[in-house]
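Paired with subunit B in one complex and with subunit C in the other, subunit A is shared by the two complexes that follow.
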Partner chain A sequence: MGGRLALLALAAAAMIVAYPLVFSGAFMGRLGALVLLSAIGASAWNILGGYAGQISVGHAMFYGIGAYVPLMVYKLWELPPVAGVPVAVVFSLVVAILIGFPTFRLVGHYFSMATIAVAELIRIVISNWDFVGGAIGLMGPATSRTVLDLSFKSSVPYYYLFLAVLAVVLGVTWHLERSRMGYYLRAIKAGERAARSLGVPVRRYKLFALLLSAGFTSVAGSLYALMIGFVDPDSVFGLLISVEMIIVAALGGAGTLFGPLIGAAILVPLREFTNSAFGGGGSGITYILFGGIIMLIARFEPGGLMEIGRRAAALFKRRPREAARVA
Partner chain B sequence: MTLTLVQVIVSGLLVGAVYALFSSGLTLIWGMMNVINFGHGDFVMVGMYTAFVVMVWLHGGVGWVGPAAAVLLFGLGVTVYYGLIRPVMRGPMLAQILSTFGLALFIRYTAFWIFSAKFVTLPEGALGGTLDVGGIYLDVPQLIAGLVAIVLTLGMYLLLTHTRVGSQLLAVSEDRNAAMLMGIRPDRMQALAWGLASAAAGIAGALMAAIYPISPTIGETLALTAFVVVTFGGFGSVPGALVAGLMIGVVQALSAYWFGPIYRDVAVYTIFVLMLWVRPQGLLGTA
Partner chain C sequence: MLLEAHHVTRDFGAFRALDGADLTVADGEMVGLIGPNGAGKSTFFNCLVGDLTPSAGRVVFNARDVTRAPPEAHARLGIGRTFQVPATFEDMSVLENVMVGAFLRHPGRAAAIDAADAVIERVGLAGLRNARARSLGTPGRKRLEIARVLATEPKLLLLDEALAGLNPAEIARAIDLVRQIHASGITIVIVEHIMEVILSLAQRVIVFDQGRIIASGKPADVVEEPAVIEAYLGHSLKRGQKR
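Let's look at the complex of A and B:
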């Protein structure tokens, strides 16, 4: 069984790597890159929301910081935006620490509400702060000056850049799953008080999870800004950005390694197809569908598609033995 | 104190009364079953559009607006409880949060699809113009909305504390199992609570339609406002929601007046975050 699974994984990996070669059209190329980008964001959210069970609805603040800082670096000093990526990560980590201390005293719904409020607060401030472009936002370099601007016409370079980043995020998550910290986070998710009584340093590990999560979310935001070359408050700091990370992770399976990637592979094409099919009004239809899907997931299978897959696999495994017994 | 300042405070109180009304619904649900409805603001938005549809599309009189919103939203609340909330209530935290978030998105963008993103208003002068009370100018729609909201919030409080049904509701929120042993059906009471809470949101929306322009995305801000009010007043406390609603209304009005319109929400959210930090049980709630 293990051999067959490894083969399947290898085939999936080969498909992902070869995707831009197979689908060379502009629409499909862009779509592939967007799927990976969404998977990076959702995987980053997953570390805190999925593994540690702290459901942040304010991750757009880190995404937004990640998107804004590179373009600010360009605006102020004409540096290649990519120089701003590490700066953005530092900013995001500082914000995460500032926010982590007060909000981690809150559990469950309270934490979610606090994170929404902080994110909205930041969005309103950014929208009214002329130094960072106010409601209009920021532009990246209009034409590529050097290759360092990472401004390409084709989406293929972005695809492989995003794939590399996603591999890093998933690699860290994979390592986390197996480390002491992974066990601590799952213990915290299962019951904070119980975890504390067993000697898990709850607040410290929640903060670690938040820092990892915020840092990677910030990188996702930076990648968005690098690819699109334009940001405004609503498109990177908006509530929908946070919500989309959650939906993508939850559809695939929150707290699983590949859940966010699977969720992204379903929801992002759905979003792009409805947007292009229904034009400007399509965003309405998209979110009606997203809302419906998220309700169905919550109602029938909170474990997401990974859970359904796991159960189906268990069913297949049992089948032959049962069949043998009958015979 | 200048007259303008008095006027700002009074209009803040009147808007705050409407906040109190829809927040009392949210606090009732939270107090009873520890579930936060992230779609509560969108319920208010549905109430606003109900007013619009009744008056503009169906040419109904002002008198129909409140009852229509109340009945429609009561039905929506009960449906949501049986269809969505009851199954996820005992599930993982993620499912609880996802379910009402999904509901919020679904309602918000269905409204977006039907009514488009543009702002609409009720016909001008539907409820009369302004009133001059000793130099203070009051918008009649605002005055009516505020007063009706205060009366209904107090009515909600009296319903909970002075009627048989109210005692049963409170019994369920206090101890589900003990209530069951007393012959109360918790399920039915919780459905009723969702109905009442949603109807309160609906009426509040109908009242707000008289004051504010209506748009599909207004629910997001309103939900956050309700969270702030509920946090201030203490989770589960209707009198707390009333006091906190009025306070938030005044804080908004004053910060808009002193610092500019964008500080309306900035001030409120800042207070919210500080509040959650310092005293998560609220002003009037117990730990």
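Let's look at the complex of A and C:
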């Protein structure tokens, strides 16, 4: 069983690496990169929302900061946007600390609502602040000046850049899952009072999780800006950005390592196909789609696809033993 | 003294739930807290473990003032507690539940697994090591809670009705477990409704009524005191004797 699972993982990894070579068309190439980008964002959200159970519906604030700062760095000093990525991470961490202290006093839905409020506040401020482009937004370099601008016509370089970042995020998450912090986060999710009684410094660990999560989300936003080359308040600070991270993670399995990647591989193609099939009005369909998926997950399987898979595997494992008993 | 509570008082608004309770527990003792519903036992218990901050008074553990320390600091200093309604981590396995406790003294994963396995063996949950907590019944959960807190290696263990909801056979097994924990050198304070448990386990009993301590002493002596009989024990003790 373990050997077969390893083989399966190897095959999946090979497919992911070879994807741009197999699907060389522009639409499919872009789609592959977008799946990975969405997986990075959802995996970042997953650290706080999935493992620690703190359902932030405001992660667009970190995504937006990540997207805006590189293009601001370009606008102000004509530097390659990529130089703004670490600056954006620092900004995001500062914002995370500022909102972490007051909001972590809130529990459950109240925490979620507070994160929505802060994110929307930031979006509205950005929309009305001409220094950062106001409602119009910001542009990156129109043509690539040097390779450092990371402005490519093909989506293949982005695909591999995103894949590398995703590997880092998943590597960190994997390490986290097996470390004391991972266990502490899951304990906090299951019951703060019990966790504290066992010596878990709950507030400190929530803040660690938020910082990690915010930092990676910021990087995801930066990658979006690098690839698209244009940002406006709605496309990176919008509520839909936060909601999509949650749905992608929850569909695959919140609090699991590969759940967000699986969720992204299903949801992003769906979104892109509805967008292209229905044209400009397609984003409305996307909302309906997301709403339906939320209801289905909440009603039938809060553990997501990973949980269904785990149950199927358990059934699979039990069968041979039962067969042996009958014989 | 391992634990000293001086004149601990707790108000909820205008209501004084606990009024100047004193308690000293020596290293190695097993002390029972009893009293009718609403007598202030749970309030006192929660003041001792850091879940509630006393409105007045002082709690000293191992010569350190812990009156205002948060629950996690209590755990670190060596005060463990269980919950009246088991608060096991439902989606985690038995092993993972106990590991959360073990991580307090063993930050490394391998060491935490070893420590957790030793405790799981000790409380008799080895057969359920990889079962999810939600698949356990009430006795299993209570046992798991005890295992989890034992893994934090406490000096003092406070049990909040650890035996409520168990049938007689399960109670007998649980009493054995509490005895075994006490014999291993852990001081125990136990809140319990079931008289049989307190009488057979505790060396000393503190009786609460209406937020005050009205009696304390050896279980056999305390149940004879008129104030205690009047407050709480009258009916249940007489019925118990007839049986």
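Just so we're on the same page, the second predicted complex is superposed on the first by the 326 of 327 C-alpha atoms of A that agree within 3 Å, B and C clash if a C-alpha of one lies under 4 Å from a C-alpha of the other, contacts with A are read in each partner's own complex, and residues count from 1 in each chain.
What we mean here is this: a contact is a pair of C-beta atoms (placed from the backbone, for glycine too) under 8 Å apart; a residue touches a chain by one contact, two chains touch by 3 or more.
Model, not experiment: these values are computed from the prediction.
Superposition note: with subunit A as the common reference, subunit B and subunit C can be accommodated side by side.
Using the contact criterion defined above for the overlaid structures, shared-chain residue A:G292 touches subunit B, although it does not reach subunit C. Set against each other, subunit B and subunit C differ in how many residues of subunit A they touch, and the higher count belongs to B. By the touch criterion defined above, A:A195 lies against subunit C but remains apart from subunit B after alignment on the C-alpha atoms of chain A.
In the overlay built on the shared chain, the residue A:A117 is in contact with subunit B alone; subunit C does not reach it.
Of the two partner chains, subunit B is the only one touched by A:L239; subunit C is not. Within the superposed three-chain model, A:V125 lies in touch with subunit B and out of touch with subunit C [touch as defined at top]. In the overlay built on the shared chain, the residue A:R105 is in contact with subunit B alone; subunit C does not reach it.
Taking the two complexes aligned on chain A, the least Cα distance separating subunit B from subunit C is 10 Å. Residues of subunit A that lie in the contact sets of both subunit B and subunit C are absent, per the superposition on chain A. The touching residues of subunit A, counted against subunit C in their complex, run 178-180, 183-184, 186-187, 190-191, 193-202. Interface of subunit B with subunit A (complex): residues 34-36, 83-84, 87-88, 91-99, 101-110, 112-113, 116, 220, 224, 227-228, 231, 262, 265-266, 269-270, 272-273, 276-277, 280. Interface of subunit A with subunit B (complex): residues 49, 53, 55, 57, 102-103, 105-106, 108-110, 112-114, 116-118, 120-121, 124-125, 127-128, 239, 243, 246-247, 250, 254, 281, 283-288, 290-299, 302. On subunit C, the positions that touch subunit A within their shared complex are 49, 51, 70-72, 74-76, 80-81, 83, 87-92, 96, 99-101, 103-104, 107, 109, 112, 148-149, 152.
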